[in-house]
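Note that chain A is present in both complexes that follow, paired respectively with chain B and with chain C.
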Partner chain A sequence: MRTLLRRSPPRPRSDAALKRHKWYVPLVFVGPVLILQGTFLFTPLVNTFVLAFTDASTVGGGTFVGLRNFTDLAGDNEFWAAVGRTFIYMAFTVPVIVALSTSLALLVNTSLRGSSVVRLLLFSPMVMPLATIAVMFQFVLESDGLINQVLAGLHLITEPIPFLSSSDLALLSLMLVTIWKGCALSTLITLAALQNVSTELDEAASLDGAGWLRRTWNVTLPQIRGTTILVAVLVSIAVLRVFAEPYIITGGGPGTSTETIVLYLFQKGVSPGTQAGYASAISLVLFVFVLAIAAVSWMLTKRRRA
Partner chain B sequence: MSGTPTREARNTEQAKPEQRRSPHRIDTGQSCSRGEAILRWTLMTIAAAVVLGPLLWQLSTALKGAGESTSGFLGSLVPSDPTLRNFVTAFTEIPLGQYLLNSTAIAATGVAVNLVIATITGYALARIPFRGRAVYMAVLLATATLPFEVILVSTLLVTRNLGLQDTLLGVVLPQGVAITAIFVMRQAFRGIPTELEEAATVDGAGPFRMFLRVMLPNVKGSLAVVTVLGFLDSWDQFLWPLVILSDPDKYPVSVGVQYLSGAFSADQRVISAAALVVILPPLLVYMFTQRHVFSGLAGGALKG
Partner chain C sequence: MARRKAIGGLLAAASALVLTGCGLTGGSPPSGEDVDTSGEVGGTITFQTLQLSPVFDDYINGVITEFERRHPGTTVEWTDIPSDSAARKTNADAAANSLPDVLDLDTGTLAPLARKGLVVDMDRAAADVKTDFVDTAWDSLSFGGTSAALPWYLNTPVLMKNEDILAEAGLAEEPDPASYVELVDVSAKVARETGKAGFQPTEIGFPNYLLSLGVPLVNDDDTRAVVNTPAAVAFVKSLAELQESGGIPADTVSAQQRSEIETFQEGGTAYLETGGSRLKIIEENAPAIYQQIGLGRPLGVTGKGTWLVTHGVAVPKASKNPATAVAFAKFLTSSANQLALAKRSSVFPSTTASLDDPFFQAKPADLVTEARSIAAASLMEGNTIAKSASVDSEFTAALWSGVQPAILGEVDPERALANAEMKLTAILEAR
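The block that comes next holds the complex of A and B.
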């Protein structure tokens, strides 16, 4: 090994040493991914743009209809209600998850005895299948479910709260499930950032007589702002795609009060609907929303670095 | 430019998960006051209760006999006559065993596809220069932000046209490329010193021998991370299997349990038992691998 190392130039250029590969070598390594992505990513992506301008059905057929799907969509009140609902969902869950996971991360960022068990517990919902969690919370939120039992037992309520059967409350109830599950990963990410914060500034502020709250708010949290933004963006995109919670727990009901964008897309394009063309138009609008969030996050990070 | 790869490689080495401080194990080195300790313990107990509560209640329901009510106040939280019969019923009267088998097959195939793809692609992106590599990297990063739901209907059509509806490959292949996994492997391969590669070249190793014998043994840790994350991801999958599978006998656990809970007026006790069985495998994997896998995951997210 030593003789070999002596032969190599002092500052090795890996690329130059490797350029001698035969033409088929890179192909062997990237061929499989290109075939898979070509079939299941690029083809469907291009096809989505094509289908959106046809009246295709998932069972076959389809002719070019120009912009009709989009003009129909523009006047589709049920769709825009679903869009509004999804954004309300976002407006509520994102700040709550960010605030809660930051607080939880600050709380468990300690070497107190027992805190490692609490951390293990707090992070665990992140690996539990969302669909199964949703089934579980269906029971928890029912009129004779866990939450109503606890509230009744504490004599806080006399009538069970209709978490799932009231069209005013159902969406909020679903948000609870998203928050319960979503806090786990967010807390983990935030805690990892907190641990990279140096304690020196905190100690200096402490010597200056700043209390815990002021030190946390003015010294610690500003240092992890990048991570906080990252968590907010990750949660926003996840919530834009929310599907399993309404599909499993309420089926979009009562009425259409918990119908979200992806649930509506599913109903139009997969089951019971078969309108591939119309669903593709919905997909493209969803895509625009995702791009918008990505753009906002990009601007936020850029402003921070500048 | 010539110095760039080396510098980046060094950065990657420093950022190896093993050397990073794990969010699971914390030693602040400072003791806190008694008041603070009590306050923290109280709040941590409440947080733990909120996470544990629904799970324990689920367990309590699953252990209740047919005669015992699942409602009523917490007095009935502890089953008066705990029984495992619901767990048995979940396997005998509803096809939980079949679902578990399906999920295991999907997870095994999915992890294998994901592992092979992530490893060879990550290796090419890290170590094999080819025309268009930079462009392909940019395309990969761009597609990472594309939510699967956007191409859901089109993917259904493509998969169906290939005759893969209701097949194992139909479930696995469209989700077989995990971009995160590719980048995890790329980072790992970049961290291997160039000297090792040059030494092997001088020893006469061809590109494939180099990959299999020299490079792969050096990234075992990352292979483990990709395997664990791939399994968890596969177990969690819901929307795609729901869309592509029309035969309930082929459902994986996540789709199966929700199908049963809604298909007929199912016994809440049995569904609770089944749900707990479904949650258990990923939970065990998490408990056994958390220190190695998830501290790295959190650190990776920070860099992005």
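The block that comes next holds the complex of A and C.
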């Protein structure tokens, strides 16, 4: 015998039901989060905003100086050089990470034998602290490091390649570290997107005679375009704030050849006695750059939806 | 309406909280005029040291107990923090006006407090004990006419030599280099004969090299950098030649701080100028290299002088008990207490009476005692040189960054030093 359990239709909420709770009840629920966010996010943010208009030092003090920090920043060649360097860093690493992580995700997504081992190896950088990775790569890239020893062992070079000791190569070397580290998370995100790709479309294309490359290019990739954009935006924002690699591996050198925006900010306003006000102005400019990237992402997403 | 008012009130309270956090509602630390430290000794003070616990717990607790016994009714609350976090914590404490009453600080961390006039001027508060200290130790804590702290423990280097490398280079019988210019010459020969480097220049060491060569680094009133002199240009040029010939390690400019010790203990360099305390580390890490080490007098002792690292004991002007704080600082840095500390460690006392102790004059029995007597002699004979307090970590990093391209041969040394001088002057002007 078939029994149908029928739920009575929900009663429409009356204004009286809504008013049964006091107005402050929602505040009680969100209060703890608001307090935490207010203390550890918004207060420092507002503090930074205020400090940017003062001549405060890291040991305190400071008076209101209006827009002086920003006008100084506008004429600060070293800052703009750091900005240019960071954008070059971004222009190189973001496409490479996106392309590489997409390719790796496509490969890992196959059911080839050994792909689970490859997945494990691929994602291992994600669980390693960036500081550890940076130190590891320093040993790999130094003059008598692993790469130079291998190249010398293969008789491909007679003199070690100055990966870290040349102003021309140091930034590129750091980019490789960022790419190695950045690929893991990006691949994971892309792989998750690939799991949701419609197999019916792929099979239909296959029946139509399309090969793997064509199916991938014309069927699979368009379906994960949104994720690819998301990965590109996330990587762009991360690269804009790149710090650990230049700080640990090269210290910004040789000279200032690997000095990025955040490293410059650190040198200007975190060491003892340096200019906290000026550094706050730099961080506000960096904040604007990050906002701009987020805005571009929003526009791309909006256009896609339209 | 009530809801709006309540929300408005909450927003106002939040804004007030935020602005208080921003330090806009006052509470900035006192600076400028000196404070009266002549009051009665008593009450409670806080005392902060840098990474002395747990090794020196007994010593510090003993000093505190003795001070409290001599001054009944006095309590000293001791805290010890890791050296790595000293700058960050001191900055935060200074900004929040909550510095401990007595602070053990290195000159780099002390410098910004002194520049802002946040610490008691020891020239006035401790004028009665000033002559007890080694002159250069006292001078190294002087910031624009005021002395920011009482000198506590010191370090000054010895020259370590890898005798095997020197023998291989045919330099075994040669006298030790006496200056950095001579070290450069010897390093070129070491590289030529052995393929190994002579020494590894460092970021921290670079201002000391220039100072020892007679380059003042800053002008008399610390308002302008002076690093672009013929002596400096010639020295940087010689480093570039060494970089080319292998007289210094290939990764010198990208090397981490203190990696020069690793390079030396791996047998990669013939010379290392460092504190005697490193001998123990080398003995533990590389016993074979330790057996090859010979010691010599530090570079510069026959010229302008060798470098000196000073730890000072400062008293913030914001201390609620400055009289007791200054009394404790004097007691802690007294000759007897400093000698007791030096005998338990590898640091050197900063008072002449304690340096005069037979402990530092003993005939060398091993490398450690030999290093101790060499360094003590540098201090006692006035062969150390006080670096201007303006030459702090920011200055040092900017100078090293400025000369790196010149060492690599990418930029002309004179141009590199001119640029560095301009940048350093801008840093000094911004302070």
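In the analysis below, the second predicted complex is superposed on the first by the 272 of 306 C-alpha atoms of A that agree within 3 Å, B and C clash if a C-alpha of one lies under 4 Å from a C-alpha of the other, contacts with A are read in each partner's own complex, and residues count from 1 in each chain.
Keep this in mind: contacts are C-beta pairs under 8 Å (C-beta built on N, C-alpha and C of every residue); 3 or more make two chains touch, one makes a residue touch a chain.
Predicted model only: the values in this text are computed from it and were never measured.
A.B. asks: Under the stated touch criterion, which partner chain does A:263 make contact with: chain B (first), chain C (second), both, or neither?
C.D. replies: Neither: A:263 stays clear of chain B and chain C.
A.B. asks: First (chain B), second (chain C), both or neither: which does A:58 touch?
C.D. replies: both
A.B. asks: Output check: A:254 vs chain B and chain C. Expected answer is one of first, second, both, neither. What do you get?
C.D. replies: second
A.B. asks: Touching A:239, do we find chain B (first), chain C (second), both, or neither?
C.D. replies: neither
A.B. asks: Is A:30 touching anything from chain B or chain C once the two structures are fitted on A? First, second, both or neither.
C.D. replies: The answer is first: A:30 touches chain B but not chain C.
A.B. asks: Touching A:47 in the superposition: chain B (first), chain C (second), both, neither?
C.D. replies: both
A.B. asks: Which partner does A:166 contact after superposing on A: first (chain B), second (chain C), both, neither?
C.D. replies: A:166 contacts chain C only, not chain B.
A.B. asks: Compare chain B and chain C by how many residues of chain A each one touches, and report the one with more.
C.D. replies: On the superposition, B touches more of the residues of chain A.
A.B. asks: State whether A:38 touches chain B only (first), chain C only (second), both chains, or neither.
C.D. replies: second
A.B. asks: Show which residues of chain A both chain B and chain C reach, each in its own complex.
C.D. replies: Dual-contact residues (chain A): 43, 47, 51, 58, 138, 144, 251.
A.B. asks: Would you pull the chain A residues touching chain C in the complex into a rising list?
C.D. replies: Per the stated touch rule, the residues are 23-24, 38, 42-43, 46-47, 50-51, 56-62, 78, 138, 142-144, 160, 162, 164-167, 170, 249-257, 267, 271-275, 278.
A.B. asks: Applying the document's contact rule, which stretches of chain C touch chain A when the two form their complex?
C.D. replies: 3, 6, 14, 17-19, 21-24, 28-29, 31, 87, 90-91, 94-97, 108-109, 111-113, 115-116, 118, 203, 249-254, 256, 392-394, 397-398, 400-402, 404-405, 408, 410-411, 423, 430-431
A.B. asks: Show me the residue ranges of chain A that touch chain B in the complex, using the header's touch definition.
C.D. replies: Residues of chain A touching chain B: 1, 4-5, 7-8, 11-15, 17-19, 21-22, 25-26, 28-30, 32-33, 36-37, 39-41, 43-45, 47-48, 51, 58, 104, 107-112, 114-132, 134-140, 144-146, 149-150, 152-153, 180, 188-189, 191-193, 195-196, 199, 227, 230, 234, 237, 240-241, 243-244, 248, 251, 262, 265-266, 269-270, 276, 279-280, 283-284, 286-287, 290-291, 294.
A.B. asks: Where on chain B is chain A touching in the complex?
C.D. replies: Contact set of chain B toward chain A: 2-3, 5-6, 21, 23-30, 32, 37, 40-41, 43-44, 47-48, 50-55, 57-58, 61, 70-74, 116-117, 120-121, 123-124, 127-130, 136, 143, 145-147, 149-159, 162, 173-174, 176-177, 182, 194-195, 197-199, 201-203, 207-208, 211, 232, 235-236, 238-239, 243, 253-255, 257-258, 261-262, 268, 271-272, 275, 278-279, 282-283, 285-287, 290, 294-295, 297-299, 301-302, 304.
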